[in-house]
Structure formats: C-alpha cells, structure tokens
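The chains carry the letters A, B and C, assigned in the order they are written, with residues numbered from 1 in each.
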C-alpha cells in the first residue's frame, strides 16, 4: 500500500481481528471534531473498534489523544461528527450516561478517591450494580445487607486481576504509584464496561512493571471480552499488544493500521522524528 | 430628582464597598483565603480615626493618615502571627482562624471602647451641595467618597500593572512556587498585599463612618460581608471586578431600600448576587477556570 | 478502614449515651448550675447542627456558610405547627415530635429550593451563595406574620400582624421582626438526646452506605466520580437536603426551649459558630463534631469567671487551636504517636479475624 494515500482521512474501517470479523464495531467515531474557541483540537477523526479489540492511539504530545478520550467519554461535547456505541448515537449522553452505556476510562493524571480505601474505590466502580437506595441504606433494610455482601465479595475477584487483594483496606492515596494506576483500571473495570479507555497506563512504570501490565491488559480483554483503547507513549507496549493502531498529529489522523504497517509508515516516522533526508531509516520504536 | 439623588448615594455607598472589596479581592487573589477579619479591620480604622480626631483634636487629615498607618501595621501583624503559619494548611483551617481574629478584634474593641455607639464626626464636613434650585442635594461626603474610590482604583491599576511589586503580586497569585523560583520574595509580597488591603480598609472605615456616623465594635461586620459579596459579584481576584461589584451592590441596595422595601433590601442584594452567579458562575469579570481532565 | 469505621460508630453512640447518663445523674442529684441546666437543650441542638453540617462540609466537601438559615426555617415552622396544633394534639411529647418532623420537612424543602441552584457552583462561590441564602431566609422570616384562628393559618408578608384578618379568638404566632413569643416549652433534655441519637443513626448509616460512598467520592474527585457513573447533582442534593432537614429538626428543638424567638438569632454568626464546631471536631469526624459542639457551648459558660474577657479568651483559644493542630511539627508527633498506638492495637485486631 502506498504511504501517500494514508495522509488523507482514512475511512472508518480499521484493522479487525479475526474473531470479530463478522461483528459490527462496538465503538465508532465518524468525522469527529472539536474546536476550543477557534483552535481545532481534533478534526475529521474516523475510528472504529471491534468488540474485543485492543486498539492503540499514539502520537506526539499535544496531538489530541486525551481530547479524543474526553470526547469518547463525553467529558467534552464534539463540535462536529458522531460517536456510535453499539450503533447507537451518544450525542446527548452525559459522562454518567456514557459510563452506564458501557464506556469506562482511566486518567492520565491518576484520579482516585484518595481518602477512601481501595475496597471503597472499587465499590464505587460497582456503584451502578449495587441496587439499593438511600432509605434502605439508612434503615439497613435487608437489601442493604445482601447487596453490600455481594459487592464485598466481588471486590477481591476484581483485585485479583492485578494480585492486589491484600491491599483492599489500604487508603487509595497512600498506595505506590504503580498500584494507583492498576487500581484505577480495576475501578474502571468494576463499572462493567464494553469499552475501556486507558490513558497512558504505563506512564511512570519501570520496564518489568510495564511487561506485567501488558500481560494483564491482554488478560483483562480475554477475561472480560471487552474492547480496550489505550493511549501510550511506550512503543514496546503499543506494538506488543495493540491489534490496531491509530496515529494522530495536530488533531488529525495521519496513519492507521496494524503495528507492522505503522512502523513502516513514513508519515508516522516524520511526525515523531521530523522530516528526514532521503536516507533509509528504519522504523523507530520510541 | 429623587432618582438621581438615590443613584448618587448608591454609587457613594458602592464606592465604600468597592474599597473594602479591593482588600478582599487582593488577599484572595494572592493567598486564596477568605479573610473574614477584614471587616473588623475597617472598624479598627474607624476607631483610630475617631480617637485621633475627636479625643486628641488633631486634624482630620492626620487622623486618616494615622489610622491608615495603624491598620497597615495591624494587617501585617495579623498576617505574620495567624495566617503565615497556616500557609500550607487546608483552606478551612485558615478560614476559621480568620473568624477567630475577627472575634478577637471585635471583643478587644468592646473591652477597650465599650459597646456604646460613638458618634463619628465626618472627616470631610457635613455640608452638602445643592443643584437644580435646591431640589437635588448631594452631600460632600458622598462626592469625596466617590472621588477617593476612583483615585484608589487608578492608583491600584497602575501599581499592579506597572510596578515591580505589583507584578510580583500578580506572579504570586498565579503560581507561588514558580514566583519563588524566579527570585520573588513570596512572604514579603503576601505581607505587602495584606498591608495594602488593610490600609484600604482604614480609608473605607473612615469614609463609612463619615457617611453613617454610628461607630460600634460590630460596625465592620455587615459592610464586611456585603463587600465580600461585592468582590464575588464582580469576580473575586479581579480589581476592576471589585469596583464594578461594589458599585452595583451599593446602587442595588439603595434602590431596593428606596423603591421596594427597607426590610428586604439585604435580601434583594443577595438575591441579585445569586442570580448573577448562576448565570456567570465566577462573577461578572471573573475568568472561567475549567478543570483540565 | 472497616474495623475502624465500625469502632468509631459504636464509640460515638457510647459516648453520647454515657454523656447523657452522667448529665442526667447530675441533674437528678441537683449538682448542676442553673445556667448549665438551661444550656442542656441548646447543646443538644448544636450537636445536631454540627453533625448535620459535617455532612455537607466534611463528607460532601462543600463549604456552607448559611446553615443557620435552615435552623431558622425549622424553628419557625416547627413552632408554628406546635402552637397551632395545641388543641388538636393535647399530648406534649407527641406535639414535640410532630413539630420536629414538620420543622425538618420544611427545612428539607428549603434545602431543595436552595440546593438546586446552589449546587451547580463550586468551592468558594458555593460558600458565598449559601451565605447569601442564609441572609435571605433571615430577611424573609423577618417580614413574615402568621396567625391562627378557627379557619386555619393566616399569612401576611411585609405588613404588620393586623393585616392577618384573624377571626374571633384568633392569635398571632409570628409577629414580623418581633418573632414568636409565648412559645410552650416542649423541648426536654431527653428529647434532645433522642434527636441526637436519631441524627447520628441517619448520618452515620448514610455515610457507611452506597449513597455515602458516592457523596465522599464527589468530595475526593468529582471528575472520577462522573467517570464511574455517579450522578453528581443527585448525591450533592441528597447530602445537602439531609443536612438541611436535620438542621431544621435542631431548629425546632432549639426554639421550643425558649419562650421567645426572633429570626435575627439565626444569622451569619450562628452559621459560623456551627462551622467552627465542625472544623475543630475534624472534617468528616462525627464524634469530633459532637464533642466540639458540646465543649465549645459549655466553654464560654466555664469562662464566665473571666467576665468580660471570656469571649476574648474564646477567640484566642480558637486561634491557638487552629495554629496548633495545623503546625507541622505537632502534627508529625501526633502521627508517630498514633502510628505506635495502631501497631499495638493491630496485633490484637488480627487475632479477632
């Protein structure tokens, strides 16, 4: 495939893993764009994720990756375009509704409930699955006890993904950095998402922690059968586990494809390393 | 004609609020704290002037200058002893301390000068100017108040915009850490802000009591709250906002009293504040800060 | 932590019950000064106020400077209910309960009215608007006259009580700025104690439930709370209205202890007073609020020996406590002490499991 064709907006078909070949995409962005007072942060963003795909969103700093996450999770309202979740338009949804519909996320700068325990953080992820109201809670009616018991039993199951059960009574704010990142992922998973958005999950982790995280992300996908979109600067992680990758620069998609295709794409190399002379240079991973 | 005279007394009262609000706004901008003791500094300023002029018979100008000096020292002292040790503490702790200072000043004043109201003689004389064949009368105090407020406003705009100290203040209110790294003495800058705010409070106290001559230990609290409201109304942290908020608040209060109900005038003032904040959540001239996700 | 939470809950109940028992003992044996005896019901009311404000300030994390406004709504509506139902409900305790419930409901409604606009704001802006609402409520009640006759309740606004057009045998209840006089003294120390227990039950059970977790999540990280599907307005309003309703109950209890009550009693200073209890007791710390409210209500009485200097001393104590509790060195010492204490108690706790 000639590299030049990738510089124009690419149609919404992405790489589709074999197991999802006959399914429609779970999350789809069509011609998405947002302006912040005159400045176009994201433009003509077309993207689709299959139900159990791990997709990567990469690009230099300021390319608009986190903005896209904010659009997908409905923190921002797009100026143009639509986002379809299971074919359903999410235009009028709030962040809360988007989460209930199946979009969960983590944040670049970790956002935990720092003064609460790890267990309570996860129970908050389970919030919409715990079914009892304020009155039952105050009067300690039977459904309080059954629902709380169910939630309490679910917490170690979820923590088990990252082998963190022993931390359940620790205060979230007191956890080491890596554990905080993992807890944020567990909390997002607790909400029962169909699509999980991970914003730089490996930031600040050392190589061995990153390697473990890679295994765990794949494990999460396999266990929960969900789609995962991740933003990451660690190319080993992205190239290692992502099945489809989308490269952004200055708010625009400059390339899409499988890891191999991306690694050999001149437009990507240019975006990361600047324009080069016509000297044969290999794909640069980070 | 009554409309015009109400308008002028509104602007005059608003000017006093604006001067007090400037103190709130500057301190909030730099220290991010609600200085509830500010209203009581006004009261101290008024008492200082009262004693210097009425008891010791000195000239009103000297009275004003000395009361400014007293309040400036008081402001620096309060900041050093009570607020500086709490620089890293949660904002509520600082708020409660400020309330403690407020009680302290009020009760000290009560012990020293009793709670009997003192009759304050206006420092600018009680005369009034007559216009339109005597149908419109404007008190000299009102005019002087408005003029002083305008002068203070211009001086402060020049000070924060053009002088080294003023720039240091703005830098500190943006980012104290970065300001410190650039070699700005943050503690000194904050002290200076308190000094200026308290000096303004002294002037406001004198003007307030010149217009409304009953002086008690609690004189400062209600104008303090109103001026705080004015600061928020205009957008707390913004100097033109304090002027705009103060003036509007004064006008609304006087018009509310004159045309709607004396009893309800405070309720009207606060209701307008609420409506403004619902439409513009950071006040009229405040900048909208969006939390980055 | 769960065990600590549970221990705190039981400790709080035990503390209140013990304090009640001891005080009752003193009252029965007559070993209590008459001023302190007069303070018993107000102390109960202030405890309820402090615990309820702690729900807004400590648990929800929003500064409210107008809590006395809700106390005022509760006080006036509760007293009006009690005075107009004097014939319908002869039993005094039942009338008191009815009054408190009505006071709580009215204050809760006021909480909804205030809360819906207010809770769209954040931080200091929310604080100033609660202050404004507190002042507005005070002003409005000052302009209100209420009377009762055979035909029911009559209201008039901004004119004096003669505009009520009361029929034969009618009586004025709220007389504009003069407030209410001739209030039957229905509140008792026992009633206050029960109200405290009910308040603690509501607040502590709420905090340790799904809704309470959501409220604390808003405090810790609003954006993260939204991202896990927690609707912000719903839980903010829930905390705010519960807090307002409890303040209303406290207001009714408080007002039914005095023969006259005026709206200006529940001003900004009262709001601040309650806030001081909450901050000194510790944000989010329920038993801390109980202790702080009790001690700080008694303290000025204890300082009565210092006569004129007592409020001055109160102010100085307040400042020194704030400086000491926020002093880094003192804090660190306290933390190490607590750490040591925890280590020893943990060994004991692990045996239980």
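Going forward, a contact is a pair of C-beta atoms (placed from the backbone, for glycine too) under 8 Å apart; a residue touches a chain by one contact, two chains touch by 3 or more.
As the structure is a computational prediction, the values presented were derived from the model and not from experiment.
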Q: For the chain pair with the highest number of C-beta contact pairs, give its two chain identifiers.
A: B-C
Q | Chain whose mean Cα position lies farthest from chain A | A | B
Q) If you average all the Cα positions, which chain's own average lands nearest? A) C
Q. Just curious, how far off is chain C from chain A if you go by their C-alpha centres, in Å?
A. 44
**Q.** Separation of chain A from chain B, taking each centre as the mean of its C-alpha atoms, in whole Å
**A.** 50
**Q.** Rounded Å distance, chain B centre to chain C centre (Cα mean)
**A.** 32
Q) Going by the touch rule set out above, which residues of chain C reach two or more other chains? A) 223
Q: Check each residue of chain A and list the ones that touch at least two other chains.
A: 75, 107
**Q.** Contacts with 2+ other chains: residues of chain B
**A.** 293
Q: Would you mind writing out the residues of chain A in touch with chain C in their complex?
A: 73, 75, 94-96, 99-100, 104-105, 107, 111-117, 119-120, 123-125, 127-128, 130, 132-134, 136-140, 144, 147-148, 169, 187-188, 190-191
Q: Quick one: which bits of chain C touch chain A in the complex? Just the residue numbers, please.
A: 1-2, 201-202, 205-206, 209-214, 216-217, 219-221, 223-232, 238
Q.
With touch defined as at the start, can you tell me which chain C residues reach chain B in the complex?
A. 57, 63, 117-118, 120-122, 124-125, 127-129, 131-133, 135-136, 139-140, 142-143, 158, 177, 223, 268, 272, 275-276, 279-280, 283, 308-309, 311-312, 314-316, 318-319, 322-323, 325-328
Q. Which residues, counting only chain B, touch chain C once they are in their complex?
A. 28, 34, 36, 82, 85-86, 88-90, 92-93, 95-97, 99-101, 103-104, 107-108, 110-111, 225, 228-229, 232, 236, 261, 263-264, 266-267, 270-271, 273-274, 277-278, 281-283, 291, 293
